[in-house]
Structure formats: C-alpha cells, structure tokens
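Letters A, B and C mark the chains in the order given here, with residues in each chain numbered from 1 onward.
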Amino acid sequence: MNKVFAIMVFIGVPISVIGSLLHWPSVLMFIIYCLTIVALASFMGRATESLAIVAGPRIGGLLNATFGNAVELIISIFSLQAGLTGVVLASLTGSVLGNLLLVAGMAFFIGGVKYKRQKFNVYDARHNSGLLIFAVIVAFVIPVVFSVNLTEAKTMNLSVGISIILIILYLAALFFKLVTHRGIYQDPESKQEEHEEEPEWGKGKSILVLAVATLAVAYVSENLVHTFEAVAKSFGWSELFIGIVIVAIVGNAAEHASAILMAYKNKMDIAVEIAFGSTLQISMFVAPVLVILSLFFNPSMPLVFTLPELVAMATSVLLTIVLANDGETNWFEGATLLAAYIIMGIGFYLL
Amino acid sequence: MNKVFAIMVFIGVPISVIGSLLHWPSVLMFIIYCLTIVALASFMGRATESLAIVAGPRIGGLLNATFGNAVELIISIFSLQAGLTGVVLASLTGSVLGNLLLVAGMAFFIGGVKYKRQKFNVYDARHNSGLLIFAVIVAFVIPVVFSVNLTEAKTMNLSVGISIILIILYLAALFFKLVTHRGIYQDPESKQEEHEEEPEWGKGKSILVLAVATLAVAYVSENLVHTFEAVAKSFGWSELFIGIVIVAIVGNAAEHASAILMAYKNKMDIAVEIAFGSTLQISMFVAPVLVILSLFFNPSMPLVFTLPELVAMATSVLLTIVLANDGETNWFEGATLLAAYIIMGIGFYLL
Amino acid sequence: MNKVFAIMVFIGVPISVIGSLLHWPSVLMFIIYCLTIVALASFMGRATESLAIVAGPRIGGLLNATFGNAVELIISIFSLQAGLTGVVLASLTGSVLGNLLLVAGMAFFIGGVKYKRQKFNVYDARHNSGLLIFAVIVAFVIPVVFSVNLTEAKTMNLSVGISIILIILYLAALFFKLVTHRGIYQDPESKQEEHEEEPEWGKGKSILVLAVATLAVAYVSENLVHTFEAVAKSFGWSELFIGIVIVAIVGNAAEHASAILMAYKNKMDIAVEIAFGSTLQISMFVAPVLVILSLFFNPSMPLVFTLPELVAMATSVLLTIVLANDGETNWFEGATLLAAYIIMGIGFYLL
C-alpha cells in the first residue's frame, strides 16, 4: 500500500503542476488533485506516526493537527483577500464537522471493526470536551445571538474580543498540557505500550517528509480550490456544499489518514488527539486568527456563522462529548458519528 | 392487585366493545377505555416480566418497547390517513416526553422511595444517551433549523433522508446489542441476581398473553382516540394538549406499569431499558417510518416539529442524560423528571 | 490580611453611613461601598468557615449561600416595587453567571495554582448538575420559547406555575440532602480531613459575626445600587451591563471571598457547594419567589429572560457541567470559566 502511495505522489505532484500550467479540464484536475492529496496525506501520516513514537502521543497529535491546519489557514487567507468571508466561515464549519464527525467517526468505526472495545485517555477526552464546549457552544454561539441586537461595528468588536480570548485560552491550554500538567493525567498502562514499537523513520527524516509533504499539499490544495466553481457547475452542487463537505473531506485528508491508521493500530489516544485536537485548533486558533487578520481586508469577517452552520457545529459537539465521555469507543459509536455527518451533509447539500 | 386487574379486563373489554357499538357518551367511554388499557397494561407487564426472566433484561426490554409502540404506530397511520400530521407529530412528542420524563420519573421516584440508591448498567445508559442525543438533538433539530431556508419539497427530501438514516442506525444498534457486543457490557454482579427468580408464566403463555393483550390495547386505544374531540370540548383542553399529555399517559400505560413494577423490584436495568428503549424506538423507528409512509398520503409529513415541541424534547433529553450518566437513581432524580414533565404539561396546556 | 479587612470594616461602614447622609460624590461613594462590601465579605467568609468546621461542609455551604443571597432578594424586591422588572431579570442573570463562571472560575484557578489537582465530592457535583440543567435549561428556557405563542396573561400563568414547581423542587432538594440522603454520598476520605482543623471562632460568635456582617452588607449594598445610575453615566456603561457584571461581582463578593478561601485551603467540597449552591438558590428560590411576589406589583414580572440573557445562562450551565462532571479541578478549568465570563461581559457591555 505504501508503494502505491509513493508512486501516486511521484506521478501526482508533477502532473498537478503540469496540468495546472496547461489548464487541463477542471473536473479531471479535481480528481488528480484529490488523489495526490490523499497520497501525500499518507506520507504525512507515516511521518507523524514515526514522530509520535519518538515524542509521545501528545506532541505527535499536536504536530499532526498543526501541519494539517497550516494548509487551511493559508487557503483561507487567500479567500479573505478575495472577499469570500462566507466561504471561509463555511470551510471552518466543514473542518469542525469533518474532524468531529467524519475523521473521528471513521477512526472509531474502522478501529472498532478490528477491536471490540478501544480505550483512550479519559482525562484528555474530558479536557478536550471542556474546550469544545467553550469554543463552539460559548464562543461561537454568543456572537450569533448578540449580533441580532448589535450594529455591524459592535459585532466586529465583539468578534475581535472573543477571538483574542480564544487565542489566549488556546495558548494557555498548550501551556497546561506541555508544562504545568505534562504527563499528570497519563494512564500508567498506556505508557508501556508506546515504547514497544520502533519508529519507521528517524526524527530528522520524519520532519523532512512532514515539511515537504505539507508544502506539496498546500500547493495542490490551492489549485484544487480553483477547480471548485467549475466542478460545482458540472455536478450541480452549491458552493456552500463544496466548502462544507468537499473541503472537509479533502482538506482534512491528512488527519483523516493518520487517525484511521492509529485507530487500526489500536492507538486510540493519538487518533482521538488528532480528531479533537484538529477541531480545537480550527476553532480556537485558525478561526480567531482569521477574524483578526480580516481587519486588514475589506469586508472584515465577524465571528458570526449562519444559523444552520452554528446548529450543525453545536449539535455535533454535544453528540461527540456524550459519546467520548466514557473513554471508550466501538464500531457503533463510529457509525453514529458518521450517520450524523451524513445528515449534516444532506442538509447542506439541499441548502 | 392482580385479581383486580383481571376483573377489570374481563369486564372492561366487553363493555368497551358494547359501549362503542351503542355510542355511549364520550366522556364515560373515555374513562372506561383508560381503565381498560391500564388493566391490560398490567397483564402486558407481567408477561414481559416473565419473558424477561427467561430471556434476560435486554430482550425483555426490547420486547416491551416493541409491544408498547406497535399500538402507537397503528394509531398514527390512521391519523396520517385522516391528514392530521400535526396531531401525529404532537403524539410523537408526547410519547418521547412521556417515556423520558413521566415513565422514567415515576419509576425512579417509586423505586427510590423503597430503596435509597438504585443502580443500573451504566454502559447501557451511556449507549442510550448517545442515541438520544443523535435522534433528538441531531436528527430532529437539523430539519427544523434548515427548513427555514428550504422549499417544502426540499424539506420533505431532507426529512426522508434523515428518516432512512435513523432507521438504518436503529437496526445497527440492534445488531450491536444483540450480535457483535451481546453481553460485553454486562455487570458481572447483576447477572447473578437475574437468575434467582422464577418466572410467573412460561415462555409460551407469556407470549400468548402479550399478543392478546396488545391486540386488545390496540382495539381499545383506537376507540379512545375518537373520544378525544368530545372530551377536549367538555374539559376545555386543546387537541395539542390531549395529543401530548393524555396520549402520553394512556398510550404508554404499558411501559409505565412495567417500568414502575421493575423499579419497585429493584430491577433498574429493565426499568431504564423500558423508558429509554421506548423513547428510542419512537424517535428512531416509529417517527421515521411514519415520515416515509406519509409519502403515500396527502399531505406528506416532514420531520419538522414545532419549536415548543422540539425545545421540550431537546431539553428533556439533556436533563435525562445528565441524571442517568452516573448509573444511579434515587427518589429525588425521579422527582426532578416529574417536575420537568409538569412544567411541559402546563406549557402545552396553555398553548 | 485579616487585620487590613478589620480596619477597612471599622473605617468603611461609618464612612458609608456619613457619606450617604452627606451626599458625597457618587463615583467616590461607589468605590467606598465596594471596598467596604469586600471587607465585610471577608468576615462572612471567616465566620462561615468556622461554622463549616463545626457543622460540616454541606450546612456550611448552605448557610453561606443563604446569607449571600438574602441581600440580593431584598434589593430585588425594592427594584420590583420601582417597576424595574428588566433590571431584576438582568441582576438574576448576573448572579447566575457570576457564581457559575466568576466565583467558581476564580476558586478553581487560585486553588489550582497552589494544588496541581483538586478533588471534590463527585456525587454532590452530579446532584447539582441535574438541578442546574432543570432550573436553567428546562424551567428558564420553556417560558421564553412558549411565550412567543402565548398572551401576556397566559405567559404570567405559565411563569407562576413554573415558579411554584421550582420552589417545591428546591425544598425537596433540601429534604433530600439533609434528611433522606444525609451523608450517604459522602466520600470516606474527605470525612477524615474535615475534623482535623480547629474553628477560628465558636459557634455563637460565628453566627453573630455572620448576622451583623450580613445586615451591614445589606445596608451598604442598597446604597451602592443608588450610585449605579451616576456611575453608568460617568463611565459610559449601560444599566444592563451594571446589572449583569457589577452587581454580579460586588453582590456576590461574600460567596466569592469564601469560595476562593476554601479553594486555597484545598476544601473544594465547600468551594463548589458555595458557587453551585448559590446559583441554585438564585435560580430555584430567589427568582421564582420574585416572580410570585411580583403579582402584587404592577407590572408583574414573568419568568421570561431576554434571548442574550437566556443563552448566556444556558451555555454557562453546559460548560460548568462538562467541566465539573469528573469531580476534579485544576487551574486551567478555572481559566476556562473566567474566559467564558469575560466573553459574556464583553457581549453585555456592547449590548
């Protein structure tokens, strides 16, 4: 399988460059870009896995989330520059739904088909649950409700204020996990497991692969975005649907691949960290940074999602928290998350 | 007590038939029907209990929920045929509220007056919590929010799509409980208890009693429904109130009687399974089946509850999940659920 | 530190009396009143602590909540008489947000800076979680949603009905905690700790200090309220903001001081009991009593919060429940609650 992905990368990347320069048909390029990203994502997954074995599950998960979302941040900044604030909010929504429901759902389902019961660090899950509630149910809900009675300027002030607090709390969470409470909430059992395996690549090679693959994904992703309009016309999809569903699937391919791989190897701590950590990085770091950066563009982007976007995210968070609360997963919990994702997908397809 | 119910059945059923044929006054017949159903329900409860001892708590609970809700499904199909989609949605709401708040509330309260602390299988409770969130907070909330921006035809498409997913996930849940993860989440302690008791009736007699009583309840219930309009006028109740409150009390009398009986015998696994299982069967099977069947009637019934109905169900689910999360009950948790039911009752009475 | 507070009380109280009689400038008096209340609150905290050692954590927590909220009840009755129903609802909202987010947040944060992990009785926390969901998510949400389709008179009927049920359930909760289930959910470990310490003051002196300090706080608080309008003008704040934020900080200074002191001494059972118990007393006793009393005033006050108030309270309850669910706190959980409080504060400041 790894050889197939290697071949896909060594064919896909040059063809992506050539095809984009020669303006090949959009639908064809759309398929090539998607396959290339999936193949690159598998390399990122393997590099992350190697790093995770060296550095422990937390740093590994953080690294993965960071590399996965750097791409999204770059694409969104281009979109803001083009004045597409609605598309940016839609793709943020798509990333949250994609990570919480699709990535975690596939990981729980595929892991659960192999193992009857899979356990993960319940302390980390609860820590993440608190942050998910804070980011989505408090920080995203408040501006939508309050903006009804506020002027546009005051809504933007509220959005910037909330964004600053989100970023500060995100940094505080890193400080908490990596400095003041590092290793405090770790299961003694899970520690032993981790050090049994040998990393596939060394630290240096892993970082190199991760860096190069991320750059390649960024390049291909940006080209991919420009095919969306033509693809939307060909298939009769709305741009909102592409933003929410297609971007979520392809844009999170890296997290997706890694999380499923980890679940399949019964390393649920890392799988959960990827899915939840990525959601938190999107909602507590990428989204507020974009709101603040949007002050330099016209129009600025307030942190005001549409009601369908907000309700979809809020209900997904409640569902995820209730399912993850016991520190155990099985195939049926994965199926439940996937079913919720399909419901949201149908809804946004019809909007 | 059992003798009283036997007498009530042997008098109540023939009188119900005679009274309905001779068109006796509606309010009188309303009372006769209600008492007859309650008496029949006690037989269903005893038959279920006997079967539960033979077959284990899960199958027993499933059987009970199935027999209790078959009645509701039949009545609702007649209502759909008569074009009363609002009444069908109201009685679905009433069943959800009735099972979650009234049946579980009474079971916890009465069981809790006898026993200080009652425990039930916390794994089952969490599994059910996940499904409740999925069905009510995701699958019921999404169409209400999205339908604001959708045409009627697209709302119906969304409703049918969600209904199909609800039914598939319901069947997947049965497959999970009865096949792939049968007995895996069982407490070793509770297992011993179950096999100590002797069933009152054999397997054959239990099934026969259950079948005959269900048929009789179906017949009497249908007649009962036709007295509602006249009773509403006599007492000054709205039809919505009857759909939500009266149907919930009488229509769930079977589950009600069984659940309280089980709680009184400290078999909380079965009591909880009846209340939650019945709610899940209503929301994940009866409701979506009715939406799909409604395609053959005019008007069709989208899965779009009114805002008061939706908020009442969603808040009830959140309350129940928080209370049931620890796998323990006491009389005060029962009182809390009953207090919530009374608040909803007052609200719908005034609407 | 205690000496500083003693000096502040013996200077602050007479100056408050003199200043209010001589009509000193409002902004000056505002600062004097605030400092005096904070100093008085420290005496209440010490008295409560002494009583708590004698009487156990639960009664101590109840005592504190009672003395803290008596002040609020008295001020609100004066406000109702003046027809300021909006201000009363705003200050109820402020008390709920203040206790759940600010008081609990500061206690968790400051306690967490000293101790890595702090534990509290998880049974009490779950009991309180159930009541918080019941009071805020059920009893406060239902009238707001239903009132859209109700006449003013029926909304008032619904409000009174819900208020009666809230009060009954609040009394039932006391009966549960103090009579039928007293000590049943107590940790065997925490019991030992409690009796090691000597109370600072005897029972008699503690009660005397508590009573005198409460009276003084009531007197100063009432004067404080009358400076709000002038202060609002001076600082450019809205009256809603003062009701929600300033009243919450100063009006809950007593609970605030005690809760932080307890957290600092690692007595998290009492700290949590103060923050949650006070919230529950506001929402299940003070608010419904005010609704019923408002029937004697014109206009009456229905239990209908504005949407921003309701959403702020409901999301705070969800956040608190998810964080408190595991019976453990750390500085980061405190920081999360404080961050939520700041977000709400910015929102209400801009409204």
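We adopt the following convention: a contact is a pair of C-beta atoms (placed from the backbone, for glycine too) under 8 Å apart; a residue touches a chain by one contact, two chains touch by 3 or more.
Here the structure is a predicted model, which means the values were calculated and not measured.
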Turning angle required so that chain A lies on chain C, C-alpha fit (0 to 180°, nearest 5): 120
Same or different residue numbers at the chain A/chain B copy interface, by half rule: different
Distance between chain centroids, defined by C-alpha means - chain A, chain B (Å): 39
For chain B, residues contacting two or more additional chains: 325
Residues on chain C engaged by chain A in the complex (per definition of touch): 116-117, 307-308, 311-312, 315-316, 318-319, 322-323, 325-326, 330-333, 335-336, 339-340, 342-344, 346-347, 350-351
Footprint of chain A on chain B - complex, ascending: 123, 126-127, 129-131, 133-134, 137-139, 141-143, 145-146, 148-150, 154, 157-158, 161-162, 165, 168-169, 172-173, 176, 180-181, 184, 321, 325
